[in-house]
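Input: structures, listed below.
In the two complexes below, subunit A is the common chain; its partner is subunit B in one and subunit C in the other.
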Partner chain A sequence: MIDKGNINELAELVPITSLRNLVSDFKVTKGELFLNVKADSLVKTITFLKDDVNFQFEQLIDICGVDYLNREPRFDVVYHLLSISLNQRICVVVQVADKTPIPSAVSVYETAEWYEREVWDMYGISFFGNPDMCKILTESSFNDYPLRKDYPLNGSVKWSYDEKEQRLTAKSVDGII
Partner chain B sequence: MSEVSDSSSPEQSREQKTSFFVTTMEKLADWARCSSIWISPFATSCCGVEMKQADLYSELEHLGAVFKKHHSKADVLVIAGAINGKTAPVLRSVYEQMPEPKWVIAMGACAINGGVYNQSYSVVEGCDKVVPVDVYVEGCPPKPEAFIQGIIKLKEKIKRIERQ
Partner chain C sequence: MVRAVLKNSTLNTMQQTAGGGFFRLVLEVDGENILKATPHIGFSHFGIEKLIENKSYINAVSLLNQEYALVLAIEKLLKIKPSKRAAYIRVLLAELSRIMSHLQTVVSIAEGAGNSTPSYYGAAVQEKIMEFLELAGGSRLHANCLRVGGVYNDLSYGLMEDIVKWLKKDFLCFLDNIDEKLTEDRIFKQRTVGIGTVSSENAIEWGFSGANLRASGSLWDLRKAQPYDVYDELDFEIPIGKYGDCYSRYLVRMAEMRQSVNIILQIIEKIPEDFMIILDDTVATDNEKTVLSHSSKNIDEDYNVPAGQCYESTEAPSGEFGAYLVSDGSNRAYRCKIRTPSFAHLQAVPHVLKGNKIEDINTIISSLGIEAGEVDR
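Now for the complex of A and B:
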C-alpha cells in the first residue's frame, strides 16, 4: 500500500508550478487542500492536475454543489479529485452566481457528465459543454431544485391518484421552509 | 363449502364411497384463489430483502403463496419500500396491468405512509395514494413472520369477500 502523501508538500507545489496563474487562492484545512479557482480557468486547472507528474489526479470522485443563501456569488461547485498513484486527495472549488453557467469537465473526466446532471437537478447550476444536460434523478414534471436552501423541506407538490380523471395528479401544497 | 357428506369406510363398495359437497361457484372460486396466492414483488428498498427472506420459509408455500417473475401472472402485488414521484406512475401502470381480481399488500412503514421520509419533498405519503391497498404490514422493516401473517390476513379477506 502506498503511504498517504503529505498534503503540505502538495500545497507547497502550488505557488511554484503553473497553478499559480490559475488558482486565485488555496488553503490547507483539516488535512485537505482546497484550491479556489475562477470559472474561466477551471478546465485548465483540472487538466493540469490530471496530467502533471507531481499531481497525477487520475480520478474524479464527485462533484458537489453548496448553497450559501445570503452570499454573493451564491453557490459553490466542489470537485473532489483522487490521485491513486500518489494517494492524495484535493478539492477544487468554483464560486458561481445563480443562473450563470460554468464550463463542463466532461472533456477531462468523462464521469463528470452524470455528476454535473445531478448538480443541475439539485441546485439548478448549468454546465455548458455537457453533451446531455438534462434531469437525472427527479421526474420530468418536477420544476424545482430541491437542495436549495430556500426550497421547502416537505416539497411543493404531493402525488395522488385521481379516481375521476383516472390518472396521477400532482397537487401543490404550502411548503415549510 | 356449506355442506360436506362423507360416510365412507373401507368395507363399503366403490359406489357407496363416493362423497359429495354442495357449495356456490363464488365460494369455490374464493377458496381456490385464497389457496394459490401468486405474488408479484414491487420492491423499491430494504423491505424487499425481508420479503425475499420470507420466501425461504416453508410456511409461505404451505399457504399456497408463490413468488412470480412477472406481474401479469400474479394476483397479489406486494409493495415493499418507499414510493416517490418518479416511481408512482410505474406502480400505477403495473397495478393496472395485473389481471382481475387483484389485491395489494403494503409492506413496511415507507409503503404505508412514507415512514421516515414522510415529510420529504419527493416521497409519496403512502402507496394507498396511488393504488388501493388491502393489507398493511407494519414494521421498519417488518420481520418475515410479519409478512407471512399478512398473507394469512389476506387469505381471510379473500374468503369472506362480500358480493352484491
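Now for the complex of A and C:
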C-alpha cells in the first residue's frame, strides 16, 4: 500500500493526456479533483480513467445525484472513483437536464448498475444501456422522485381509509401539488 | 421408459441479516445448487438523505462509525480540526464499535455454519461494549458521541482504566476461547473453507472494500492509506487473507479485533491531557444572549457551513463508508449522499452465491458483513 498520491500532480496530467478533449473543465478544491464532462463523452472518460497507466481508477465508489432546482441544466450526476494501486480519488461530474437520459457506466464498471438504479429512483434521471433500469429502494406504486428539491418531506399524498369505498385511498396534499 | 423432465425451481426467500432488517432473495435452484440469485432491497428504506437535507447539521446523527464520515466531511468544509484529545477519544470509540461489529459478524458466521453457542457468549461481550459506549455518550447502540469539532464529552473518570482492564483480562480471553472453539473446529472449517470464494480481481471489480477486500488478498485499509484523525500516529498491522472464502473473512475479522485491542491500548498510553474544544460552545452567534439561551439558540439555529462540496470516507467495520456533502452556505446540508459498504457488497451477492448451495447462503451473507439497514438507508 503506497502513501496517498498528490492530487495536484494528477490534475497536471489532465491537460496533457487525451482527457483534454473529453473534459470541459476541471478544478482542485479541498484536496479533491473534480472533472466536468459532457454526457456524451462520459463513457470515454471513465474508460480512459480506468485503463490509463497514470490513473488506474479500478473502483467505482459511488454515483450520486444532486438537484439544483433553479439551475439549467437541473441535475448533477457525480461519479466517485478510487484507485487502489495509486491511492487516489477523483470525481467526475456530469450535468443533466430534466427528462434527459445519459449513457450508463455499466459497460465500464459493473457496480454502476445499482447506483444508477438508485439515482433513477431518487431523481428520475434515466441511464440508457443499464440492463435493469427499474426502481430499487421505493415501492413500485410510488410514483414520485423523493430526493428532488420540490418533493416535500412529508410526501405528496395522504393515505386514509375511505368509508364508502371500504379501502385505503390516496389524496394529494392541498397546497403542495 | 419415459424420463421425467425436471425443471429448475424458483424460490422466493426472505433473508434476515445479522443486525436486523430484511431483504428478499429470489433464487433459481437446481436441487440444492444455486444457479441464480437476485436480491431485492428497500424494505427498511427510511430516506435518511432526505431527512439530513431537512435538518440542521447538529441533528444529523447516526451510529458511531456511520456518523464519523459525515462529521469529517463537515469539518473539512468548516476547515477545523478536533483537539488531539478529542481525536484520540473518537478513534478509541470507533475501534470499540469496530470490535462490536466484527464480533457480530463472527458469531453470525458461526451461527450460519450451525454453531450457535458463540453468539450467546458474543452477546454478553457486546453488552459490555455497549455499556462503555453508554458511559461515553449516553446511549447504547446509537452512541451519539461524535460532534463536529470534537466529541460530546470527555470520557468519564476511570472509564479508560476500566476499558483497558476489561480488554486485557476478559476480552482477549474471550477471543482465545472463540479461537479454540471455532478456528480449528473441523465442522466449522467444513462449512466455511472454500465457500463463497471471491478472487482478488473480482473483489476489486465488484466494489468490495474493507475486511472483505482484505480477505481476498488486497492490501488496502483506509486507516493506513488515507489516515484521518490520529490513525497516522498509531502503530498497527493490517491482516490480509489469501483465498477470499468465508473462512478467510472470518480470520481477517478475528485478527482485526486483536489489532483494535492493540490500537486502544496505544491510545490509552498516548492520549494527551489537554482541553477539548467543542464547536457548539466556541462559535458564538450572538454575544448579547445569556449563556443558557445562547446554547439553546445554537441547537435551534446551528452553525453555517461554507458553500462547497467534498467527499470524506472512513474505514467502517464493514468497509468504506463515505459521505459526499454539498453545502450552500446555510445551516443545512444541501445534499448529503451516504455511501455504504453493504450496498456494494449486496450487489455482488448474486456473483458470490452462484455455484454455492442453499445451506451456505446464511454463512456467505453474514461473512460479507451485510446489514439491510445499512443497504437501504
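We adopt the following convention: the second predicted complex is superposed on the first by the 155 of 177 C-alpha atoms of A that agree within 3 Å, B and C clash if a C-alpha of one lies under 4 Å from a C-alpha of the other, contacts with A are read in each partner's own complex, and residues count from 1 in each chain.
In this text, a residue touches a chain if its C-beta (ideal position, glycine included) is under 8 Å from a C-beta of that chain, and two chains touch if they have at least 3 such contacts.
Small disclaimer: the values here were computed from a predicted structure and weren't measured.
Of the two partner chains, subunit B is the only one touched by A:168; subunit C is not.
Touch criterion met: A:87 reaches subunit C, while subunit B stays clear of it.
Within the superposed three-chain model, A:139 lies in touch with subunit B and with subunit C [touch as defined at top].
Ranking subunit B and subunit C by residues of subunit A touched puts C first. In the superposed model, A:78 lies in contact with subunit C only, and not with subunit B.
In the superposition on chain A, contact of A:153 is made with both subunit B and subunit C. Counting contacts by the rule stated earlier, residues 137-139, 146, 153 of subunit A appear in both its interface with subunit B and its interface with subunit C.
The part of subunit C that touches subunit A in the complex is made up of residues 41-42, 45, 47, 49-51, 53-54, 76-77, 204-207, 209, 218-221, 224-226, 238, 308-311, 313, 320, 322, 324, 326, 334-335, 337, 339, 343-344, 347-348, 376-377.
Of all the residues in subunit A, the ones that touch subunit B in their complex are 137-139, 142, 144, 146, 151-161, 168, 170, 176.
By the touch criterion stated above, subunit A contacts subunit C in their complex at residues 1, 4, 29-30, 32, 34, 58-62, 64, 66-67, 78, 80, 82, 84, 87, 89, 91, 109-111, 113-114, 122, 135-139, 146-147, 153. Residues of subunit B that touch subunit A in their complex: 85-86, 88-89, 92, 119-122, 124-125, 129-131.
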